[in-house]
Every structure is written in structure tokens, then in C-alpha cells.
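Letters are used for the chains, namely A, B, C, D, E and F, taken in the order the chains are written, and counting of residues starts over at 1 for each.
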Amino acid sequence: MKNVAVKNIERPSQAIASGLGELGVATVHEAQEREGLLKPYMRPIFPGSRVGGSAVTVLAQPGDNWMLHVAIELCQPGDILVVACTTDNGDGMFGDLLATSAKARGVKALIIDAGCRDVRDLKGMNFPVWSRKISAKGTVKNTLGAVNVPVVCAGQLIFPGDVVVADDDGVVVVRRAQSKLVLEAGIARELHEEEKRRKLDSGVLGLDLYDMRPRLDSAGFKYVDSLDDIENL
Amino acid sequence: MKNVAVKNIERPSQAIASGLGELGVATVHEAQEREGLLKPYMRPIFPGSRVGGSAVTVLAQPGDNWMLHVAIELCQPGDILVVACTTDNGDGMFGDLLATSAKARGVKALIIDAGCRDVRDLKGMNFPVWSRKISAKGTVKNTLGAVNVPVVCAGQLIFPGDVVVADDDGVVVVRRAQSKLVLEAGIARELHEEEKRRKLDSGVLGLDLYDMRPRLDSAGFKYVDSLDDIENL
Amino acid sequence: MKNVAVKNIERPSQAIASGLGELGVATVHEAQEREGLLKPYMRPIFPGSRVGGSAVTVLAQPGDNWMLHVAIELCQPGDILVVACTTDNGDGMFGDLLATSAKARGVKALIIDAGCRDVRDLKGMNFPVWSRKISAKGTVKNTLGAVNVPVVCAGQLIFPGDVVVADDDGVVVVRRAQSKLVLEAGIARELHEEEKRRKLDSGVLGLDLYDMRPRLDSAGFKYVDSLDDIENL
Amino acid sequence: MKNVAVKNIERPSQAIASGLGELGVATVHEAQEREGLLKPYMRPIFPGSRVGGSAVTVLAQPGDNWMLHVAIELCQPGDILVVACTTDNGDGMFGDLLATSAKARGVKALIIDAGCRDVRDLKGMNFPVWSRKISAKGTVKNTLGAVNVPVVCAGQLIFPGDVVVADDDGVVVVRRAQSKLVLEAGIARELHEEEKRRKLDSGVLGLDLYDMRPRLDSAGFKYVDSLDDIENL
Amino acid sequence: MKNVAVKNIERPSQAIASGLGELGVATVHEAQEREGLLKPYMRPIFPGSRVGGSAVTVLAQPGDNWMLHVAIELCQPGDILVVACTTDNGDGMFGDLLATSAKARGVKALIIDAGCRDVRDLKGMNFPVWSRKISAKGTVKNTLGAVNVPVVCAGQLIFPGDVVVADDDGVVVVRRAQSKLVLEAGIARELHEEEKRRKLDSGVLGLDLYDMRPRLDSAGFKYVDSLDDIENL
Amino acid sequence: MKNVAVKNIERPSQAIASGLGELGVATVHEAQEREGLLKPYMRPIFPGSRVGGSAVTVLAQPGDNWMLHVAIELCQPGDILVVACTTDNGDGMFGDLLATSAKARGVKALIIDAGCRDVRDLKGMNFPVWSRKISAKGTVKNTLGAVNVPVVCAGQLIFPGDVVVADDDGVVVVRRAQSKLVLEAGIARELHEEEKRRKLDSGVLGLDLYDMRPRLDSAGFKYVDSLDDIENL
């Protein structure tokens, strides 16, 4: 690994990042053809937040949060810190002091494929975090990593400046270059879904709305009157 | 697997199913001699719900929610959708559109041995879900499964028309034929527990209330004054 | 295993135990040089509690809560029940009746390396529990264990009379003999952190506050202007 | 749970059970339309065995192997012991003494959704075991369960007298009433596969052998010359 | 944590440690009343070894094997290295170079609650290892830990100079002060088991050998002729 | 996701790929500065293999192996199939028929972040596989994925034409463009290690060989004579 920090990265427009944040994870994931979802072990430390922002990436070592301090200096308002780790680790690399510092820089949230602590304080500050673990185990500042390089975080490749969206459903990443298109596709999708939602709410069945009956039939699906009609169940 | 949907199933009375729901999972589990509990990895996606209803069962393929659409047509008010999967899978098979459709049919809840998404919307609709995972990963509609056949869901055999009860403690299934007896046993148990609760609250010890001292003694249990009294600790 | 209960144990002062509880897990863990943290799979069954108390320890058998009844008789106001198990087990060893009894004795909380049930009732009673699992699976009272002996609970050695502190970050144990020193160190730490928090909040960077720049430099860490400046990334 | 042992069960013919054993798990699973596979956490304690036999079922309590002793009396030559547990448990319920006793009764193998010990001895005796865990943790004989009742073992419903097949791929169950048909289907499948294997070995592609090209095409699958030909990768 | 190495520890006699090793894990665990078993996730990296030796303990940091080098200097012939970690970590802290060094000091084996690598070389050298993980991920030498202090390794408290026994069933620890008694109890147990093994091999049932029938009966266990005899199964 | 197969990819020289294979995973991982290691859950289905080859990448859907058939046509002698999946899935996507076909094309091995079956046959054919799971659960051919696009497999980004190395320690990926340099660095490292191995074997300590004593001292590490010399242990 190169032990390096990249000072200048290109960022998406804040309007696009926030717009994607408002759409939420499930819609954005669909809008970009089901790309970019982080593993579902990434969970919010408290429910109810929904954010979108520009990624500042960190590659940390297990039990070591040195690189997070380096990263915060490189953050700008609207950024989201994205921390990957060189191995599976759940130590509490981030707590209320780092959150205070991050917030002072305008950072909107933390996505960390490791642990987080001071949950009560972070909730009090309304600083949202998605992590693989909650742990009070503190960390050292002894081994170098990298900042603002491409990382694989919870199974997804993330570049600095990518848009990251997170809510109660998890976390999804959108490439900066595609973020405008994805936002438009997401908005279109939402309008379309609103229409579908209204129909379903009125009692129309998905079977009819999506015209599934012929395909079920041609695939060999059968309806029977009762369990007794099935041989060799 | 037979790719089939059973149209007509026998259901328990709604009064019984709701009554069991009010008793809650722990009481119902005890009332039927500790049968029928689903694996504890089944967790509510938001806390505080308690329901009882009649199972409409689904056997789905990994990453595929085609059969859920088939199932919703066969639901009636008071039903609970119970989804098993042919393999371990956590994809988000169910979201706000399916919930809208299910709610329009009077479905009370979803129990799914797979994933769920749109958590924020589902909470907003107050549509309770118990799942093994939360994931925004969408699914396809390409491979057949079955509806209203017996399934093993989270380690328990469930028949269509069984009563399913769920709350913050998890999920339990009660055979339709036994549901009335279990309800009666549960109510009796609750009355009995109320009495015990009152005594314990007043300071009576479980050791005395359940007359455990003689059995402890005959099993060889010893009391000592201090740790120093134990040899070869 | 000796099947024994120790009647008399030394306890810390309640003021110290409560004081440690107010500091919370992360601060206490740091204040005692990062000793004593239980594995992070120990989670609160509902969020928002913070407690400190004196441990009454239990060694239970899988699926068996007999020893909890023995333990409650030996509890005093301000105690915290700490339950270890001879093997990995998540059965619901503790529910609302035991909680009623424990509360009647003045017990403040339960820490259990197994399962817990009646979550809704426990939340209603505001009786906090940290457990490895939530499960309605009830237990028997058939096999002996031990009470008030040293146990390994979720990876930590705990003696009866140790101080146990728990909050949303997890659970930490402090030896009774060191509890006063740890409390003092924790309070000192908190004052010190308050100062740091103020500086970070005003925009001072951790890099400067902790004087990290020279060490980064001597460890070989490099800053580059852009990703293009990195060879063989 | 009824605490009961069923003395008389119907068994499949030994020729059929052994025949299914020779086909192996993957073939049998396919031959019965992909029904009956136990969860893949069930692994052999040593590699290389392949067996088929008639199930004698046990429902055990966690940490308790009392029911295994009851079951062995009810075993006949050619049987396979199948042990389910009322909760997730990995204790070593079975070791060289029980294996000696089982072998003396003609039992061919053990399938246990819990733990096993004395691995070295079992390998020396060539008594194959599929378990979820290896653990030296011994068990007690204190709590009743059941023998020769239907059980859910590692996610599959198993009746006494069902055929159980196990090898390095895992474990599959076949209903007794269908065992002859499944054996025939499996043999047919094997012959058919032999033919396919020969063609594939000679260099024929699966794409052609299974005529997949038109379906790929109609589903919208594209071939491109190089990565550079993909927009917005 | 104190960052310290203890130079002088008391060791058990090599005859006792080796004798316990020959008995194996399951027998030793039983012989000391089921105390001291490490969590079953500790598995041999290759099958077939069985050892007993005196523990030299290490407390390591995640991703850091500095302390192993310190520990090897303090090893003597017949010792077993026992490595605990301050958090869950599976990095490859030990490989063929450390094994060469350890072997040169007469170390018999490694027990590590973390990862190990160079499995092929270690097998070639016949240096047995029990670990929680196999991983080629290398480690740094940046953060201090401790050597020859009491540690909790895979759930068990281990003192330097304790006897550690390991085989295909897992790992067990015996206190040095009790090692002679446990050895005697283990040998007695083995003789006793030999007698039982002979009887079971000749067809005597455990039900009779352990006189279980009256206890089954008094506990309410019933035998029925067939499944049809069970109501409300 | 684009549903596409890339026909032409650049490959490393076979001599380099094989050379890296001979070095093995741990050496290669170190030689490229600890980059590229797949998650350690990727394990060989039988021990003792060591391979290096050029990656043909596959992105599959859960429970669906359609894309593997597409991929095999694009394989050349010396290739290694690398299969990623859009979600966590352990179904048996690969068995003896696909292995026969792959072998006929000269494919050396399979790396699959999903399941594999026919373990016995694959071992008999000496076709090595590294997978996250072994499962007889068969798959369908219903949903499109992609072939020879960049994938994240078990936590690592892999491009078609990258060198993949696998042995009993796991799996590592080397970028094609760097493969020659990494091979040279690996060979140099091996020579250097041979020298160290000889010294350690002769009894030289790592503490001296790596000159660790001054750094231990300056970091504050202490040696004491006995446990009694440690206050507040």
C-alpha cells in the first residue's frame, strides 16, 4: 500500500449529492441498475437519518485511527467520511471528539467498515454513522494507511468524490461522473412508483399491474384448489 | 419442488389469532409446551409491534420475489405473509410497494426469512416486518417457487392457515387445530403469572415461590461464606 | 465446576459504582488503560440506558436458568447481575418475572452472555439488559452451576464485587480494588476531553492538537496533489 | 413438546437407501427436484465418506444427550441417527462411547445439528459424522426430549424412516414413500450426465450442449470486443 | 494494560504435561469437571496432532505480532505459545519464520486466538497450530502488548505455566497446581471408559449400563408403539 | 449492471503467472506491499494445491450459474475462473460437469465467492477450488450477469487478466501490469527469508535478528522477574 494522502479531489455538486440523499438508498440503487450497494452488515447506529454527500476515503489499519485525523483536514462541507480497513476489524475508531472535529469541518456523516463508539453522544449531536460494529475499544495511531485513494469498503469500490447515500436501508455509492444521470433516473423512478403505489393502494394486484399472469403460466406455474390436490407434496 | 399455488386454505378464527397476538410470543411459546419458535435471528425492523394472524406461506428463490406477488392475491384481511427461501439469502424481497399492496388486502404483517427494504416507509405506514436482514438489494421475478404449501421458515415448519404471532421477542407459530387450546392455556398462564408477579414484586424469592431449596440441596448444591472457602477454585 | 454459591462478597461503594456508571463505558475503558471491555456482541435490548453497579456473578448451563434464582437471593440494592454460560447459548434465561424479582431486591441491571425475553415488558419496567441475543426460548431448572464465583463473561474475567458499567457502547468491568482510582482517572479524562472538544469544535485540527505532523512525516507519509501523482496505484 | 419415543417406524428397503447413498448428495438432491437439502453448515468431521440409510430421529435439549441413549436402543442395522436440537447448540453430544454402542447396533452414521467430539477416535473407527460443530464440551442427561418424532434438523423436516444421504457435499433427506422413485430418477440422471460429461470433456461447450445462445440473445446479453467498448462501466 | 514481560514463571513437570497431552482434550476436560475448554472456533490448521505443554502467554494487539518475538525468547523446550488478542482479529500473526524460531527453542505448538499463515510449511515442519482463522494477511510490530501475564484466550483464563492440551477436538487448559490430580483422574477415567467401551461394543445398551430406565420413567418419559399414538403431535 | 461479456482481454505471460503461483499467497502478498488479499473466508475445498493463473472474471446472480457457461467459452489454457456474486450466496454454482468443461479448456482453478459442489469428484479430478461455502444446492440459469468485467470478489477488486494466486493460505490478486515486478520482488524476498530462516533455525532470536530491543525499550516495554512484581495486574 502507498502511504499517501491525496489533497485535491473532484467533487460532485452539492445539489446532486443532496438530491440523491433525499431519494434514499433503495431508489438510488434501482436508479443505477442495482450497482453500488455496500454489504448489508453496514447499519446505522441510530435510526431515521438519510444523507447524501461526497466521499473522502480512508484506508485504515485494524485498531488504528491515525488516518482519520489526516482525512478530516481534507474534508469540506458536504463531505461524507468513508473508512475501509485492511482487514476485518470492529474497534471503535471514531467517537465524539472526532465527530466534533468532523462536524466543525461540515462533514455530514461517517461510513465505517469497522467500529464506532460514543453512540449516545453522536446521537445527541445528530451526527449519523453507519458501521459494521459498535465497540468502546479504542484505537492507537501507530501504523500508516492512506487517504483519498480508491478503497473497497464493505464490498464496494469507492473513489474519493463519489456520491455516498445512506439511510435505514444501508449505504450505496454512485460514481461522480454518473451522479447527475442517476439523480434524474431516480426522480423519474419515484414519480413512476407514486403512480404504481396509488394503484396498488386502490386494490390493483401486482399480478395485473405488472402483467405477470401469462409469464407464470408459460413457466409452468399451476394453481390448485387445495393442498390435497398436490401429489407427492 | 412443485411450482404451485394453493388457492383455498382453512384459516383460524380471527378472534383466536388476534387473541394469541395479544398474549405475545413468550407466553404463547410457553402455552404450547415450547413448540414452534422461529430462530432468534428473525428480528423486527422497528420495535414495539405485536401481532397475530393466519399464515399465507411462500417459498421463494434467492434474490427473487416473484412468488410474493402471487401470494398477495391469495391473502385475506387478518393474514400474515410468511416467506421462506430455498437457501440462505438476505436480499430485499419486500418494500413499500408490496407493503402498500399487502395492506390494501388487509395483510397485518410480514415474516420473511430473507431481507426487507424501505424500512423508513414501512415504519411510516406502520406495517410491521420480521426479517433476517435489512437490505436495499432488489430482486428479480425469474424463477418459480410455491405459495400456500408447508414451508420451513427460520427453522420451523409452518402450514398455510397456521397462526403466527410476532413481537419484540421474535416469532412463534401455532397449529390452526390447536390454536384455541393454546389461547386458553395462554390466558390461564397469564393469570397465573400475574399472581406470581405480585408475590415476586413484594419480595418473595423465586427460590421459595417455586420451592427450589430442597432440590438444590439434594442435587448437591452448596453455600459457602466466602470465596476463600472454595478449594481448587 | 464446583456447584456452589458464595454468600458474602465485598462490594465497592455505591457512590463509586454510580460515578463510574455516569462516566460511561468508553471513558471508563480508557481510564483504566483499555482493560476490561466485554465482546461487542453484548448489546442493550433497548437504547439509552447507562448504569454502574456491583457484580453478582452467575455461571449457568445452556438452556437452564436455575442459578439465576439462586443469585437473586444474594443480591443487594445497587447490584448488577452478570451471567456467564458454560457454552455459547442464546436461550431466553431472563424475562419479566425474574426482572420483577430482581427489581424488588434493588438490582439495577442484567448483563447476560446468553438470551433474554419479554423485551417489551422489560422496557416498560425500565429494567436495562445487555445480552448476546433476544429469544423467547424458555429454559429449564435442571442442571447446577455456580453463583458469585469468578466467571469469564463475553471474553472478560469478572469477579463478584467488581464494578460493571454498561451503556449504548457496550459493557466494561472494573476491579473493585481499582475502582476508586479509575473513577478519578475517568473524571480527569473527562475534564481534559472537554477542553479538547472545545478546541476541535472551534476548528482546530486533531493533526495540530495532537501534534501529529512530524510523526507522520518521519514515518514516511506523503501528501500528493492528485490521484494522478501516484504511480502503480 | 411430547416427551416420547416411538418404538415402531416404517423403514425403506436397505437396497434403496444404500443405492441413494451411492448416488451421493448432489445427484439425489437434483433427482428429487431440489428438495430436502440440509443447511450447508452441516459438515463431515473427516472427508471422504458417503452413506445412505434410514433415519432414526432425536430431538435433544441444548447440552443434553439423554435422548441419544434412548434412540440407540431403537436403531437397527442400516439406520442413521439424526439429531435435532431445540435451540442452536454446538456441545459435544456424541463421542467414541456412543459411537461404539451405535456401531454395535449397526448404525451407519450420525447427522447432528449440534456438536461432536472424539474426532480422532471416530475417524479411527471409520464412523462418519456430519455436525454443525466439533466441541469437547460434554453434556448432561437431565432434560427430556423425544425420539422418532418428526424433527426439523438444519432447516429440513425429517420423519423417522426417511432416507438420509450424506457425503462431502452435505446432507439430503428423501421421503420414504418417494425413495424408490428418487433412486430411479437419480440413476437415470447419472447416465445422462455421463453422456454430457463425455461431450464436455471432448471440448463441446455448455453454451452449445444446452443451447443457451438464443436465450442469452433474447434476454439482451451482449458480447463486446474489449472493456473499452463499455460505456459507463 | 501493563506493557510488560514476565521472565520467570513456574512450569509443570514435562511428564505431567505430556501425559495430559496423551489423554487428549475430551478426557482431560471431563477429568477436571468440565472446566477450561476454549471456544470451539479454535481449530487445528491440519488434522491429527495431539499435544500437551506449558503455556507461555502473549497478549497481542490486532494486526501486530511484536509480542510474539518477545515471547519466543522466554520459551523453553516443552512450552506451548498461547496468544490472546485485545480484540477479535484473524490476521496471520504467525508463519514459517516464527515457527522455525519457536521450534529451535523447543516450543511444541501454538494456540492463537487470531490468524496463522504458511499452513503448507507448518504442516511440512509438523508444527501444530490451533487458530481462529487462516489468513495470509501479515502484521506489523508497532504496538506493545504483554508476555507471560494472565490472558483470556478464546473465552478461557490462562496463566503462564498452565498446562495446555490440544487435539482435533479443540483446546483445554489445566491449572498447573491441579495438573497432577487431573492427570491421575484422567488416567482413571480412561481405564473406566475402556471397560464401558468393551460392554457397549458387545451390545449392552447405555440405557442399561447407566441404569437410565427408572429415571426416564420417573421423569415422565413415555414409549408408544407408533406415531399414530401421539395426539396433537 | 451491464449484461455483457468482453471477448478479448490482455493476459499476463504464463511464466509470470506460474512463477507467482510457485511463490504462494503469503510471499506474493508481502512482495506487493500487502495489497490484494481476498477475505479469509475463501478456503480450498481440499488441502495442498498451489496455483497461479490469469483471471477470467464472472459476476453472477444468487442461485444462478448461467454466466459460468458464458465464461468458459472465453477461457484459455492457464486461466483461473474468478466468480463474484451480486449478494452473499453459498449455492453450489459449480460441480463436476462445469469442472470437466473448464479442464477441457485448460482452466487451472476456480475462485468463487459463493458455493461449490461435487467435492469428491473435483478432488478426484484434481481440479482445485477456493470457495466461501460447500453446498449441493443447485442453481438455475435465469438471470443475466456479466463476464470479464472488473468485479469485487471476497473484498478485492479484480480485473480480467489480473494474476490470481491461491494456496492453503487463501487467495491473492496481482495487477497484470505489476506482475513482473511482484514476481521479482517475491523471488528476492524468498532468498532473503531463506537466510533469516537459517539463522532462526540455529537459535538466533527475532529480537536480535530484527534489532527490536532498543525500540521495545524506547516504547516503554518493561521486563520483570515475576508476576508478583506487577502492581494492579
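The criterion applied here is as follows: a contact is a pair of C-beta atoms (placed from the backbone, for glycine too) under 8 Å apart; a residue touches a chain by one contact, two chains touch by 3 or more.
Please read all numbers here as calculations on a predicted model, not as lab measurements.
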Over-half contact-pair match to E-F, picked out of the listed pairs C-D, A-B or B-F: A-B
Homomeric contact chain A-chain E: same or different residue positions, threshold half: same
Chain pair showing more contacts of the two, A-B and B-D: A-B
Chain centre separation in whole Å, for chain C relative to chain B (CA means): 30
Between chain E and chain B, distance of the C-alpha-averaged centres to the nearest whole Å: 39
Contacts with 2+ other chains: residues of chain F: 2, 34, 86, 88, 90, 135, 137, 150, 232
Residues of chain F defined as touching chain A within the complex: 1-2, 33-35, 39, 86, 88, 150, 152, 155-157
Parts of chain D lying in touch with chain F, wherever the complex brings them together: 24-26, 29-30, 34, 37, 40, 43, 47-48, 50, 167-170, 172, 193, 196-197, 200-203, 205-207, 210, 212, 216, 219-227, 229-230, 232-233
Residues of chain B that touch chain A when the two form their complex: 2-9, 46, 66, 69-70, 72-73, 90, 92, 95-98, 100-101, 103-105, 115, 117-120, 123, 133-138, 141, 144, 148-150, 160
Residue ranges of chain C touching chain D (in the complex, touch as defined): 61-64, 86-91, 135, 137, 140, 142-143
